[in-house]
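Quick one: the structure is below, and I'll ask about it shortly.
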Amino acid sequence: MKFVKEFNEGEHIEGQFLVSNISRGVNSLGAGYLNVELRDCTASISCKKWEVGPDDEKIFAVGNVINATLDIIKYRDSLQGKIVNAVLVDQEYIDVARFVAAPPIKKEILIENFNKFYLSVKDKDCKTLLDYFINKYKDKLFVYPAASSIHHEYSSGLLMHITSMCKMGEFIAENYPNINRDLLITGIILHDIGKLKELEGPVVFHYSLEGKLLGHISIMASEIKEASNSLGLTGETPLLLEHMILSHHGQLEYGSPVLPLTSEAFALHLIDNVDSRLTILNKALDDTTVGEFTNKIYPLDGRQFYKHK
Amino acid sequence: MKFVKEFNEGEHIEGQFLVSNISRGVNSLGAGYLNVELRDCTASISCKKWEVGPDDEKIFAVGNVINATLDIIKYRDSLQGKIVNAVLVDQEYIDVARFVAAPPIKKEILIENFNKFYLSVKDKDCKTLLDYFINKYKDKLFVYPAASSIHHEYSSGLLMHITSMCKMGEFIAENYPNINRDLLITGIILHDIGKLKELEGPVVFHYSLEGKLLGHISIMASEIKEASNSLGLTGETPLLLEHMILSHHGQLEYGSPVLPLTSEAFALHLIDNVDSRLTILNKALDDTTVGEFTNKIYPLDGRQFYKHK
Amino acid sequence: MKFVKEFNEGEHIEGQFLVSNISRGVNSLGAGYLNVELRDCTASISCKKWEVGPDDEKIFAVGNVINATLDIIKYRDSLQGKIVNAVLVDQEYIDVARFVAAPPIKKEILIENFNKFYLSVKDKDCKTLLDYFINKYKDKLFVYPAASSIHHEYSSGLLMHITSMCKMGEFIAENYPNINRDLLITGIILHDIGKLKELEGPVVFHYSLEGKLLGHISIMASEIKEASNSLGLTGETPLLLEHMILSHHGQLEYGSPVLPLTSEAFALHLIDNVDSRLTILNKALDDTTVGEFTNKIYPLDGRQFYKHK
Amino acid sequence: MKFVKEFNEGEHIEGQFLVSNISRGVNSLGAGYLNVELRDCTASISCKKWEVGPDDEKIFAVGNVINATLDIIKYRDSLQGKIVNAVLVDQEYIDVARFVAAPPIKKEILIENFNKFYLSVKDKDCKTLLDYFINKYKDKLFVYPAASSIHHEYSSGLLMHITSMCKMGEFIAENYPNINRDLLITGIILHDIGKLKELEGPVVFHYSLEGKLLGHISIMASEIKEASNSLGLTGETPLLLEHMILSHHGQLEYGSPVLPLTSEAFALHLIDNVDSRLTILNKALDDTTVGEFTNKIYPLDGRQFYKHK
Amino acid sequence: MKFVKEFNEGEHIEGQFLVSNISRGVNSLGAGYLNVELRDCTASISCKKWEVGPDDEKIFAVGNVINATLDIIKYRDSLQGKIVNAVLVDQEYIDVARFVAAPPIKKEILIENFNKFYLSVKDKDCKTLLDYFINKYKDKLFVYPAASSIHHEYSSGLLMHITSMCKMGEFIAENYPNINRDLLITGIILHDIGKLKELEGPVVFHYSLEGKLLGHISIMASEIKEASNSLGLTGETPLLLEHMILSHHGQLEYGSPVLPLTSEAFALHLIDNVDSRLTILNKALDDTTVGEFTNKIYPLDGRQFYKHK
Amino acid sequence: MKFVKEFNEGEHIEGQFLVSNISRGVNSLGAGYLNVELRDCTASISCKKWEVGPDDEKIFAVGNVINATLDIIKYRDSLQGKIVNAVLVDQEYIDVARFVAAPPIKKEILIENFNKFYLSVKDKDCKTLLDYFINKYKDKLFVYPAASSIHHEYSSGLLMHITSMCKMGEFIAENYPNINRDLLITGIILHDIGKLKELEGPVVFHYSLEGKLLGHISIMASEIKEASNSLGLTGETPLLLEHMILSHHGQLEYGSPVLPLTSEAFALHLIDNVDSRLTILNKALDDTTVGEFTNKIYPLDGRQFYKHK
C-alpha cells in the first residue's frame, strides 16, 4: 500500500491511518460533516467525512488508528481525501511500520551490534543486571524511538542510540584511564530504559502518568534498586549504576537530582550529550542542500547550521 | 559535669569531648606536642598534649569522641586545656546529649505531638506506609537533627520540623479545598526520612556514600516504591507519595527531578519552605538584641534582619 | 436577565454588555457593517450591526458598556447576535455583577470576617493607620478583585485574599515566636491597597498612569509615610509597615526595592506567596475532571497539575 | 598638623584620629594592653596603649574620633605609634577635612557650577521643588561623598557627581529630541538626595535604619510626593520626577521597583551610569603607571584595565 | 512617482516595487493566479497577477525589485493592485531612495559633519588607518543603515550613528581625563564598519555567509590587524583599536569575545549604548501622541514608554 | 640534582630554582633579611637570605630563575633553606625540565603521533595552512602546556591535548556522517595555537598584553585570515576554519563571539569539551585513594568525585 506522500489525484486508496486532527463543519445546506486529518510516517492529508454516522465520534478520535477507504481529489491546488468508510483497528493489528519511520540501519543489524556489546560485559554484577533488564524490556527496547520528539525519532531509535553510544563508550574506555569499561557499557545500555515506562505507545507516544509524576530517571533508578535487592546483589555496583542513571542529564536544571560524581557517570553524560547532539545535527543536514543553512534546530538552541560545500 | 562554656581557670575537668581539630607543634627544645581542639555542643577549647605517646595518633583523630582529663589554665587572655590523659569512647557509650543541643521543646512532648498526627491518618494505604516506615526508622527519627548544618539543628530537630509542618498542614487542608488531608500529613511525615540514610551520625553528621551519590530525595522515593510493592499496595497512593517526595524541593535546581504537580505535593513544598525559613529566622532573632540587626543569615541569602522594638 | 452562556437560538435578548472587540466589514453589495464582540462574565458572543449609524463609532468602542437588544441566530454551528439597537450605559448605572464573577463566599460574610480581623488589632499606631486607610478606601476595598488577571479574579477578590491571609497570619503568629501579631495583621490588610490606585475600573481593569510609572508598592509606601506624618505618628511602627509594603514581593526582580528584613515582613511575603499560589491552583483544579491534568497554569510556571482520584 | 602618611620615626604627634580597629593583648609579664589602629584620610597606623585605664574602653571604640598624642617608633620595619594620651572629640569639633579626602575640584567652584545649573531651571514646578529640596538639604548636599564606598568618595563627592551629570544632561538634551531639559536637570539634581538620609556621617558613613529598611530610592520618592502635595503642585511634573527617582537604577535587580518609562527617566539612568563608571575608572587609572594594568576594580566587575602608552 | 501609502482607488500606477511575499491561488474556474505583495519604504499592497506566464516565477521572487504597472481597485474595504505587467530591474538601475527611508538629516550635511570629525584626527597611526578604511569603504559607509532592523534604520543611518557618537565622544574626551581623544574618535568611526561586510544589500539587507560565520566584530578586528601589518604600523595603536572593536558590545553574552579593558574601549561601549538606545526611543516617541504610551519597543526589553505632556 | 621534594635535613644543595615569593624581615638585632620561597615542579621551600647585598633586590624578584646554593636545616618541624649564594640564570640556560612536569607520555612519542595526524591531512587548502602554522609555531607547539593552570598542565601538554583530540576526531568522523575528516583534524590541530601568543613563558606562564586585550581566539582567527590571504587561498576552507576557531568555546559567555554553525565546528567544540574534562578528572582521580573522594575540582564546578572500588 502506498504512503500518503505518494498519493495522486483520482486514486482510490485503502489502508491504515492515524487520526491526527478532527473538527466539525456545516455545509451550505446546514448538514454537519467532519474535517479529518489522517497521517502516516510520511505526510498527512485533509479528508472530509460527509455523512456523519452515530459511531463516527468514537472512530475519528485523535490518536486512533483506523482502516479507511479514501477517494483522492484535488481542491484548491491541494490533494484531499473523501472518506468512503472507516473502522477502528485493534492495537494488535496495527502495522507499526506505517507510522514510525524505519531506522537508517536495518533493525537486525542494530540488534546484532547491540548483542555484541551486551555479551561483551563480563563483570558479574553488571551482567546479572543486564540479563534481568534486557529480558524484562526486550520487546519494547528493540522497537521504541529514542525520544518522544527529538532525536533518533524512528523505530528502534533507542536501540540505535544505545549501540552508537556503546561504540563511543568503548573508544573512551580504551583511551582514558580510570574508567571501568564494563560499568560504562552497562550504564549506557540501561540509562534510558526508564523511558519505556515513561512513554506509552506504540504509535503516538505520550507520557504515562508515572512518567509525568516521576520521570524516566527516577523510574529507572528505583528499578535498579529493587532489582538489585531481589537479585541479592551487594557491593558497590548497584549503587554506582543507580548514580549513573540519576546523574546522566548532567545538570540539576535538566532533571538530574545529583551531578555525575564518578568517572563512568561523567563519561556516560558526556557520551549521551555528544551522540544525541550530533545525531540531531546530522538529521538536519541530511534535509539541507549544500551551500544552504538548515531550518532552526530547536533542541540545538534554535540555531541554523551551514552545510558547507 | 560542666559544659565547655562553663569552664573556669584553675579547674580540673574530666568528661567526654569531641576532637574537632588537630595539629602538631614543636617546643623550644625540639620536642613534639599536639594542639588539640576539643568541643561539646556549647563551645570549643584549645588544648595541649605535651608528651605524645604511641597511641595518641589514633585517639586524637578528628571526629573521635574521647574521655579526657584536663587542667584549665589561662594563656594570653584565653582559657586553655592541658590534657592529662585521654581514652577513646566506644560508640555505644557516647553521651549524645553532650554534643547535640537539646530541642527547645521536650522530646517527650514532641513525640506525643508527632504520635497525635501519625495516629490521625485514617486512609488505609497511607496508614500502611506510615506504619512500615515509622517502625523501620523510629530510633533515628526521634533523635536526628533536621539538617546537617542549617535549620532545626538540635537533637530531635527532624521530629520538631515534622510536627511543626503537620500543624501547618492541618491548617492548610482545613482552609484550602482540593487537598487530601491524610495524604498531605503522610507526605509531611515521610518527606525527609531519606535524610536518616543520607546522614550518618550520631555525633558529627556527615554524608554517607549513598547520600552523596543518590541524595535523600531519590533514596526515599525508591524506598516508597519498594515498600509499596512488597506491602502489596496498588492504586495511586504510592505513586502520589513518591511524587511528593521527589518534588518537595520545588525546583529542579534545588535537586528535585520533577516539579510539584499535585495539590498535596505543592502544599508540602510550600509548607516545608515556610517552616524551615521561619525557624532559621527565629533562631537568629533569638540571638540578637532588640534594636539591632542579626548576623548574616547564610541560608536566607546572607541577609541581616532587624529585630525591632 | 440571562447570561451570555445561557443564550439559545431564536431568543430575543435585552441587557448590558461589554464591548470586547470590534472590526468593520463590507457585505457583497458593498455596504459596510460592524462585527462586534459582546461579553459578560460568563462568555462572549459575535454580533453584527448591519446598518451603521453616525453614533455607532462612539457606542461600539472597546471597553464601553452598552445596553443592547439582540436577536440570537445560528450561523455555521455557532450562535450569533444581530444587534437591533444599542445605547451607551453611564458609569453609575453599570450592573457590575454582570461583568465580574461573584466570589465563592458571599460578600457579606467576607466583610464580617474582615471586620473581625480589623477590629482585633489593638496596637495603637497600627489601629490609627488601619482606621485611616480603611475609611479612605472602604468602597473600592470591598469590591475590587485581587489582581487584574491572575488570582482571586472575581469581585471582592482582594477582600477574600486579605481575609484568607489574615487567617494564616493568625496561625503563623501563634505558632512561631518573634512575630508581632498586630503588626503582621496590619501589614496583611494594607499590603495591596496600593492596587486600588494602580488599577482603574470598575469593569475592565487597566493600569492607571500612576500605576504604570510608580507601581502599587511605591504608591502605598508613600501613602503610609504621608499618613503617618499627618496623623502625628512617631516611633518605629510606620517605618516597619512601610518596609513591609516595599518588601512584600520578596525579591528585587519581582519589583520590591528592598528585601524583607523583619520577621513580619518576611512572614507577610511568605503568606502572600502561599495564599495566592494555592488559590490559583485550586481554581484550576475546580475546572478539571478527576484523573486528568489541568490546562497550563501560566502564573505557576505554565505547569499542568494532576487532579488525582 | 601632619597626615598619617607623612609621619616619620622619632616624631611626636598630636591631633585627631579615627579609631578604625581595636584588640586586646597581654605582654610577657601578663599585663594587658590595647592594639589600636588609628587613621585619617591618607593612611592608618598601628598603635599600642600600654597602660589601660578605666575609661579606655569608651575612648577606643571603633568609629570614635579621638584627639591623641603619639610617639612614632619603628618596629619590624614598620612605623608604630605609642599612645601617650587620648580623649574623645565631640561631634561638633571634628575636623572633617582630616578624614575625608578633598575633592579634585575646589568646593567653591563645585558650588558655583552647581548653582549655575540650579538657577538655569525655569519650569515653574521643577523650580518650586528644587528650591524646596536644596533649601532643606543644602548643608549635607554640599559636603557628602557620592557613595559610602564606591565612586566620588571624597568630600563634596555628591556635588561633583551632580554637576558632572548636569553637564552631560545639558549635552544630551541639546543633541537628542523628545527630552525636556529642565525636567532632566531637576531629576539629576534630586536623584541621589535620598542618600543624605540613607547614610549617616559625617566621618564614617553607615546606613541609617531608615536607609536599610527603605533605601534611598523609596525615601526620596516619598519625599517628592509629600513635598508636592504640601506645596500644592498638581499636573504631571511631580509624578514624572517621582518616576525618575524610582527608576534611575535602570533594572529591577539593582533596586529600582519600576523601569525607566519616560525619555528623561531613561536619560537620567544612562547619564548616571556613564558618569559613575568613568569616574571609577579614572580614579583607578590615576593610581596606575603607564603600561601597567590597574588593580581589580570591583564595581566594574573586578576587571583590571590597561593604562596604555 | 507616488509612494504606496499615497495610492488611491482607481489610479493607474507604474514604478519600482520590492516583491515582499508571494503565494499561488486557484480561481473558481480552476485557473491559477499569483498573490503578490509589493512594497516600498512607506507601505505594502496586495496584488493579483491573474494570468501566470512562464517567466513569472523568476520575476515574482521574494527580494526582487520589479518595474510594474498596476490598476488600483478596492476589495473588502482595502486597496488592491491588479498587475498589468512587470519586468525585473537590474541591480544598477534600482532607485534605492524608494526602498529605504531618507535620514532625518540631509545626507550632505551628515557627510560634512562626518568629514569634520574625520579630518580632526591628528594622531599619525590613527589617521593612517582612518584614511585606509574610509577610502576602502566610502561608498557603502555613506549609504548603509545602522543595522538590519533596529536603530538608525534609514539610508545613511550608519553615518548618522557615527557622527552622533563622535559628538558625544568629543564631549566625553573633554570632560573626563585619561581618555585619548583621537583614539576614541577613530574607534567610533571604525567600530561598525565590519557591518558593511556582514550585511549585504542594498535594498533588502540580509547577513552574508561571512557575516553569519564570523560576525562583524571579528571581521573588522581582522581587517585592522591585516591593514596595520600591510601599512607597516607598529606600536600599541593597532592593538588598542583592535581591542576597542572586539570589546565594544560590552559583554561576552552580547558577542564581544573580550570585555573593554582600556578607557577608550570602555567609553566607546558606553557611547554606543547611549546613542543607539536614545535613538530607538526617540523614533518610537516621534510615532506616539502626547499623553499616550508607545508600542512595545523590542530592543528596549519590550517596554512601552510614556510620552508626557 | 635533586628535586625540592627530595631534600633532607643537613644537605647542601646547588641548582636552579624559581623565585615564587619574597618578603622582607628584621631580626632581633634590627638587621634586615629576606624570606624567599624557591620552587621547582615538585614542591617549594622557605629560605632565608640573611645578609642582604645591593644586588639582591634584582636577583630575588618573583618569576626569576636563579642558580642558588642552599644549606637545608629543620625549623619548627619543617625544612628550611639558608641561601649561601645566588645568581640570575639567563633565559637561554634555564633547564625547563626542572620547572614544568614531564608529560605522562614521552615527548618523542607525542610528536610521532602528532605527525601521523598532521601528515594524514590530504585536502589541499587544509594542508597548506597546516604547513604554514606548524612551521611557524613548531618550537613552542611541541613544548607548551595546554593551559596556564588547568588541564594538561605539564610540558608538551598542548601537544598531548591535540593528539588526544585528533584520535577522538578520527573516531567521530568515521562514525557520524556529514563531517569532513580533514577539516576537523585541521581545526583540532590549529584551535589552540593562539595560546602560544596569548601566554608567555617558558617557565612561569602569564598572559601577554596581546593575550589580555584580544584573547587567543581572536588572535588565531586573524592569523588564519591573514595567512590565507597571503597564501592566496580562496574558496570556503579558510572561512570554515576561522569559524571553527572563533566558535570552539561553544557559548558566547565562554568567550566565543559566534556559536558553532557547521558540523565540524560543533564536533570540534564537543571533542575539546570531552577531552579536557576527562583529562582533568583523570588527573584528580590519580591523586586519590580508592574508596575516597577527590579534592574539590574547581574547573569541574568544584565537585568532588568518588573513586570507586
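The letters A, B, C, D, E and F name the chains in turn, as written, and every chain counts its residues from 1.
In this section, contacts are C-beta pairs under 8 Å (C-beta built on N, C-alpha and C of every residue); 3 or more make two chains touch, one makes a residue touch a chain.
Just so we're clear, the structure is a prediction, and the values are computed from it rather than from any experiment.
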Minimum number of chain-to-chain contact steps, subunit A to subunit F: 1
B-F or C-D, whichever has more C-beta pairs in contact: C-D
Length of the line joining the C-alpha centres of subunit A and subunit D, rounded to whole Å: 63
CA centroid of subunit C to CA centroid of subunit E, Å: 45
Residues of subunit A whose C-beta touches two or more other chains: 209, 212-213, 240, 261-262, 293, 306
Pairwise touch network: line, ring, star, complete, or other: other
Chain-to-chain touches, reported pairwise for every pair that qualifies: A-B, A-C, A-E, A-F, B-C, B-D, B-F, C-D, C-E, D-E, D-F, E-F
Touch list for subunit D against partner subunit F, complex: 76-77, 293, 306
Residues of subunit C that touch subunit D when the two form their complex: 209-210, 212-215, 217-218, 221-222, 225-226, 229, 239-240, 242-243, 246, 252-258, 261-262
Residues of subunit D touching subunit E in the complex: 164, 167-168, 171-172, 175-178, 180, 235-236, 240, 259, 261-263, 266-267, 270, 273-274, 277-279, 281-282, 285-286, 293, 301, 303-309
Interface residues, subunit F side, partner subunit D - complex: 24-26, 32, 209, 212-213
